[in-house]
């Protein structure tokens, strides 16, 4: 008797689970969902799809499916650079000269920063922002200068947002940027190998290969990396036209970027913009593999140290005192 | 496959993978640098920019041999000094205009600072004079500055002081002492920074 | 239910869809609300896709925020299904065997949410194909994120395909061949531990972040997951027990309570261990903990958050441990809910954000999610709930029908 009751109960509730709702309810629900979905999707999910010419679409299609830069042949590199130059002209009516020149043989770039000579003028920062086409809207700066109290070498004890007459008596100034570590934790962390260390020691990012996961930014101990949270905005007359694919070309939104030791300059023998701009000569740059270079002189004769040496990242950026 | 088999397999898998995940090595780039003693041919680097300012061959050498230094004479407004400073005295009218009244001399400590003839040759005003009485050309003032500031000069020769002009490669051209330092008041003036960093919100 | 001989894979799929579009008015309204949240989430995401991640509260210092916090927590919930599978398959507990399919449904739902959270957090989601080996580059084994992609997708496959096979067999009216799926069940047990350890290693392996760079992260993740996950499953089982005919024995709840209590206590012990290390002799590496627990430089937005979380956690654990009311669901179920929320607070925002503050150069900021992050998160939670309800509804109908036959 009880088993039959249970079975009836089960049948009734089983049918409850399958109870037909009225067709009207169902259709109403479905139509609202469809309306919401389509409204959402059409409110600009696909960025800048308006008024694109067929040439531009073809270029963007080819750019979308290209390989990682490191795996490209020189012809493919030249082809992608040509496409990007053309896209820059079509999109923003901007004529740029983009290069894809490879690293120089027998060169390993090194950098030294004289904390006795830095007076906190921040000329390096403005030069870097201009040279590397950094986003003006968010005031992105690869270089940070800290006003430090003597007795501590840790930037966390310093003030990175000063804006008064410098130098202040009995304070010293220390700059940071990407240190281009030989054992970079960022290159190890990247899941798609969009960032790697070039043979000449520069840690670069293939902006088009990056998926924007920001794991490298979590991994960097020196606050060396910046992310393009929005679309970068640079006034047209201030854009530096001589660019390199891995360097100062205008980055797409949602990609990681960083100091590249001005790869577009240094691979052609020029000094990085920060070194050239420094009015006190606090910055030294050169080839670590050249025993007669200035950077080797500094490493040999000056008291040098590196930041957070205990982390084992092996950076190629030293600080020294006079 | 029993549970034990599975656990052993899993353990082996993990151990094997952890080994391949890169053993920590003690090698540093500093060792690599120390062993790099081959000469690097600076001229092999194709330069995109050349030094446009006039430069002269320095009278001393650095660790890489000879180098050039930016010329200064063209930057001195009224060089040659001997155009005025001859045996004849200067007329009062010219003197009123040209007596170097705009020069503020703040070199050294306040009461024991340098005077004009500490550096300038008293007879031949086209030259400077060091403490041993040698004539020093304006383009090679480092020979004079380096008498007192020998540490900075040594660093400047090596590259730890001052700066190269335009290029890190190619023939070495560096800034002269007086390109950056006003010889009459060499200390850099206080100024506002060129920009500032915004706080991230 | 259609006749047995008419059933095949196509009818399986159509039946599942049909069952999930039917129901009482209350159920339909619930579904509508979920669809509404999902729709608004899609709209918010489209706004984010257009203007970039600048519309979120994240910046170069707090580069991971609400999305990754929820991802971290939900991986734990997904891994916690193992706490149902383990007693069912290893200890052959018949009561747990009855609810195993629900645990796996929750795991699949949680994993879908995890993968969606990763996708909405990417700056370049269209470039996600770069991760696929052969056509892209997969930085395995160096990058822990690559490991995470692998283990999460593998776990999704395991927890998707095993129940799918079992349910399909039962749908066809025949018993599922245990010899076929038992090895994969054991694999999924080990895999569950590994997905959460790998997710923990994502943070643990970064020497740049001393708040995360400690050996206790992995085990702590497991402990908090095995407390929060079963707590959620308890709540879901209670809902199923009261609102459907699929009855679940009291012993399941009692055993789950035991699992939750042990894991929660271990979690609290590990928390104490971490707090001791940070504050007994504070070093430069403790500044993140100081920011979290006491605030720094006037920035103390997370202080009430973490203290609330820990107090509620402690209270809920005590209630569940001492069991006042002797297994009274009116006491235990709210305790489970509070424990779940407390662990979500501490393992989500309370872990990710302090790890990034202060910045590596010592700068302190505050983080607050924006409407975009809240909307997208709600949308993804709605998606997860939808997936879970769909799977569980289909599973329960099939199971009840099967045991009837």
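Every chain is named by a letter (A, B and C) in the order it is written, and numbering of its residues begins at 1.
Note that contacts are C-beta pairs under 8 Å (C-beta built on N, C-alpha and C of every residue); 3 or more make two chains touch, one makes a residue touch a chain.
Being a predicted model, the structure only gives us computed values, none of them experimental.
Across the two candidate interfaces, B-C and A-C, the one carrying more C-beta contacts is A-C. Legend note: the chain whose CA centroid lies nearest the centroid of all displayed protein CA atoms is A. Rounded to a whole number, the gap between the C-alpha centres of subunit A and subunit C is 31 angstrom. Per-chain Cα centroids separate subunit B from subunit C by 59 Å. Residues of subunit A in contact with two or more other chains: 144, 160, 312. Across the assembly, subunit C contributes 59-61, 142, 363 as residues in contact with two or more other chains. Of all residues in subunit B, those touching 2 or more other chains are 199, listed in ascending order.
Considering their complex, residues 1, 19, 21-25, 28, 31-32, 35-36, 39-40, 42-43, 45-47, 49-54, 56, 58-61, 63-64, 118, 121-128, 130-131, 136-139, 142-146, 149, 202-203, 206-209, 244-245, 284, 287, 355-356, 358-363, 393, 396-397, 400-401, 404 of subunit C touch subunit A.
Interface residues of subunit B facing subunit C in the complex, by the touch rule stated above, are 1, 3, 6-7, 10, 17, 20-22, 199-201. Touching subunit A in their complex are the following residues of subunit B: 24, 28-30, 32-33, 36-40, 42, 44-49, 62-65, 151-152, 155, 158-164, 166-170, 175, 180, 188, 190-199. Of all residues in subunit A, those touching subunit B in their complex are 104, 106-108, 110, 112, 114, 117, 119-123, 125-126, 129, 139, 141, 144-145, 160-167, 182, 242, 265-266, 268-271, 275-276, 278-281, 283-299, 301-302, 312, 314, 316, 320, 322.
Contacts from subunit C toward subunit B in the complex involve residues 59-61, 90, 141-142, 183, 186-187, 190, 363, 365.
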